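Before we start, here is the structure in question, set down as structure tokens.
Labels run A, B, C and D following the written order; every chain starts at residue 1.
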């Protein structure tokens, strides 16, 4: 059994880590850290865990030795605490933005602050099994990408590996997201009466995940982000231009080749029916990322679509998948929930 | 033109008062008081009023003389400020709970605090035109009832006036409400991710509006309140027992007689179709309260249903209707928006 | 391995049965019957099962011999096909209303039609483990109760077994339900634009589940049913009167005693916090039924609340729990998904 | 008083036309045509019009002479009936796609069928007051643009008139829409359980409104369309590239100049607050189209945003605005409802 600790366990990503890890057959959760609620029952803030666990939150000082620590903290907190946690566990998985961008100047540009531990940036392996599985097998430091970045990168990745893109054009990504992505802290903007039914463009340009997309794909990326009516779920519509002469069959083949052996990426691109393209509605609670595409053959313009549950494949599930890889376990252990329909 | 002031103008009831009063042909809004946002533009917090008004919030001290003042404040604030406002306007319309209950002991029982101006309780006329139209014509102090109380009282009222109820049995009211009823202040319970899709029983017994229902109808009342997925809208299901021998035709006649001349109460009780009973979905933005009923003739048990928009007929609209009555204006002036379908 | 068949597999209950049975470690799904879609892929209508199964629908004639057959058909179809299915499987689990009511006259009264197989009514065991576990161990015919009936019966059951109710008063049940309960067939009433945001009283009196509640509890029951904004989820608010002298501590003890050993019923009745009473929001996808209560000690009026996912504990999950009991398997096998929060 | 007739009056656009026209002080509705429901009450399908009108539907043959006829029919029906309606009214306003595209070859390309009245295409004036007000003053045939096209065209129009676009790059439009846009006819795809909470890419390339955008702006346009959780509301995110050297101040000035005198277009582009960019949430029921923009000055990439209520400014309201212009009435007559907040 792996002994694992979740730090930031009272938040939404923290709660999802607990749900997955408590149901994982090879894991024992030994610590659930919340600086705000030490001593309180975990199921007080995560009511879906009632009767599943009697665990209480502890403070950072009381964390027992662990095989792995998951850090689900506010941005900036991890880069300040990283040395502390490295000493406590063989594997540290960071779910914040602190170690996602390899270049500290890009970090400063997008986060508006200096990186305080730039020397560690090269040591972090991106927690994206579909791109970095091999390196993850013996990574000690893992940085899980942003939820919208994951959806966009997985959607566009086959085009890059198969060299089908007109790279000069860059990519344009329109992301839609549910409200859980902004966390469990109440404020005027995420009050139910304000957020319900909204189509809120909260990042019309230069969302932080834009930099991750560019980094992972090696192309210029522009991204917008809009909050739509949903609690969970991310969908990215990516606009790209194909190299001259690339047709739909070639694109389809690239997607199939790329993902046929992947346990958690499905290609969804149908001509008919209600569920023709990736939609997070059927993915909630699951670790799947669905990807699909449609080509306007007259113009060579390609629309590529990615969808996932931001708290699972866009966060906690992806992190557990990395843990499985690093620990030599079956990759889908504890991650087999298929999603609900209808929901 | 009537010169009116809205106090608590940055809240949801305050915003709705502004929307209605700014569109009212015989009203000039001379003050919009917000203690939190003096000097800020009104359309900054009420974005639906962009291009409708250039008004800014002012502080309570800067209110000009007014013909009428509407108080949309937190509970308890009005009973402390009432002398201040009485001196500033010929008509004071209170939209809080402070002067709804005629008996200060009942007030203490339901609000958990002593009333600080009990001598004024008899001077307030309930802002419920369908029951108190005549008294409202020359009222100087008006107390608008609670949104759920209004829906329940209007639904049950014809049974009382026509003496059809088995009064011994009392009435049981099951109320459902949207999130705007709890106001514009953010907190953990009304965070979108928590409140969205909820069926949250926040008052399984003894909701405060229960006391208003009992007072207006003169029967024993028990009430529950549940938050359901909606921003606006209240629906009350009321269970009552008829006196022996009362049949459905008699009930129907009572409803028709009671409400045939009322501008804002419609009887909705159909045997077929999608819209057979009152549903707030089609009432949002309108000042209608729809009421309907169904009788189980075998048992004499009657289900009576009321529906309204909690911010309009359950608050701001009802208040404007009272202003019209008091001012000798056509009762529906400024209140003719019929609601949207579908929405 | 148990060989099982799902009949009516293209519907919502059918899809949920497939989701649960395909993930069940001791079950092999050998048939998925759809009279409408034979030969089509199951994941075409249940997109959450993509990559989970390659199964195609078959017709009723092509069903292989099975250990158990689940019938998720329209009401009335089962009583006509029952002899056919009894010959095909050792265990028949009916999820329709056809064999829920023991008395054929009550059936006629509530369903408006004669029962065509009344001789079989006594042979069916109610698929409600919390009330009939022992009989389910060797039942060959099981009838799973209605979703709203299950929530109400489990909520009220401890009061009956502990004789705390003033039975003369009967019980009043107000049920709220999501749209999936009305099935996968499109019509004007469940068009998204019409159903979205509705509070639609579709049964103001005499909903069919009322008769089940009365039968299981042995008390007079009156029930209303309202569709609220949700796809999944049922909540029942039950109003009852306690016998004189019964206090809250006694009620609490009755609930604890009744359900402490039950794997899928949790008592939720807290004084504080956001999640004080049962709410289906946190139960979606899970087999839990949460029950809770609040007492107005002044009047002896008790509000009892039940919540569940209508497609799981209110249907498919309950059926699988019965299969586990009948087959001598651990009762929670294949049913351990805890629900999601937030969602 | 203008005598007007609505054809297709039982649909959602038809119902919205009735709501607006019944409340219009200079209009008398003389006919509400429904081929499906002649003789039935209008408020049976449009329950928000209860107590507002006693009107019944009539058949096409029974339409009295009218000053104006509004055609809210399925696509293709108008081009076949157009001669009939031209003979019945001085002004015909078509709300379908039949006469939106000036070039019959483009029509064939996007609608997959031959145009049957191409000779009339030049006679139709686009029902877009902001671009064609002058021609609308004496138009006899008006074709109201598609809802998503209207949002995109109004958002991008100032850039074209002020020549700020790098026209070589074309524009990319990402449109999100509520479910009412697909009409009042039930089918599997718009069943509540399927459509609720969806992010459904129903047109990943080549939505029909794409051709309208290109036609009105004179630039190459690519468009995607996604159904999101909403009944009403359209939002378009438009991506464009500015000519070198154009800065944010220039763009802002172009928007202000273009729309400062427009009664129904507001420029919304704020640095702070919850409501920084156009969001249909606050526009429901109103005739406003809000437009805004954000510029990434490093790259010259501009995100332009449009939002409206698809049934009002995207359909019925725009049509009434055209009627006002054509009839020499104040342009906002009958169209002053400001929208609700919160909703």
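Quick note on the criterion: a residue touches a chain if its C-beta (ideal position, glycine included) is under 8 Å from a C-beta of that chain, and two chains touch if they have at least 3 such contacts.
Because the structure is predicted, anything quoted here is derived from the model rather than measured.
Chain centres were defined as the mean of their Cα atoms; on that basis the chain farthest from chain D turns out to be C. The chain pair with more C-beta contacts between its two chains, of B-D and A-D, is A-D.
Here the repeat of B-C among A-C, A-D or C-D is A-D, since over half of its contact pairs match by residue number.
Separation between the centroids of chain A and chain B, computed from CA atoms only, is 45 Å. Put simply, the C-alpha centre of chain A and that of chain D have 37 angstrom between them.
The set of chain A residues touching two or more other chains comprises 12, 180, 188, 193-194, 196-197, 231, 342-343. Residues of chain A that touch chain C in their complex: 12, 15, 19, 23, 44, 46-52, 180, 231-232, 266, 268, 273, 275, 282-286, 288, 336-343. Against chain C, in their complex, chain B makes its touches with residues 172, 174, 176, 188-189, 193-194, 196-202, 204-206, 222, 224, 226, 228-230, 233, 235, 237, 239, 274, 276-281, 293-296, 299, 301, 303, 305, 307, 342-343. The touching residues of chain C, when paired with chain D in their complex, are 12, 178-180, 184, 186-188, 190-197, 231.
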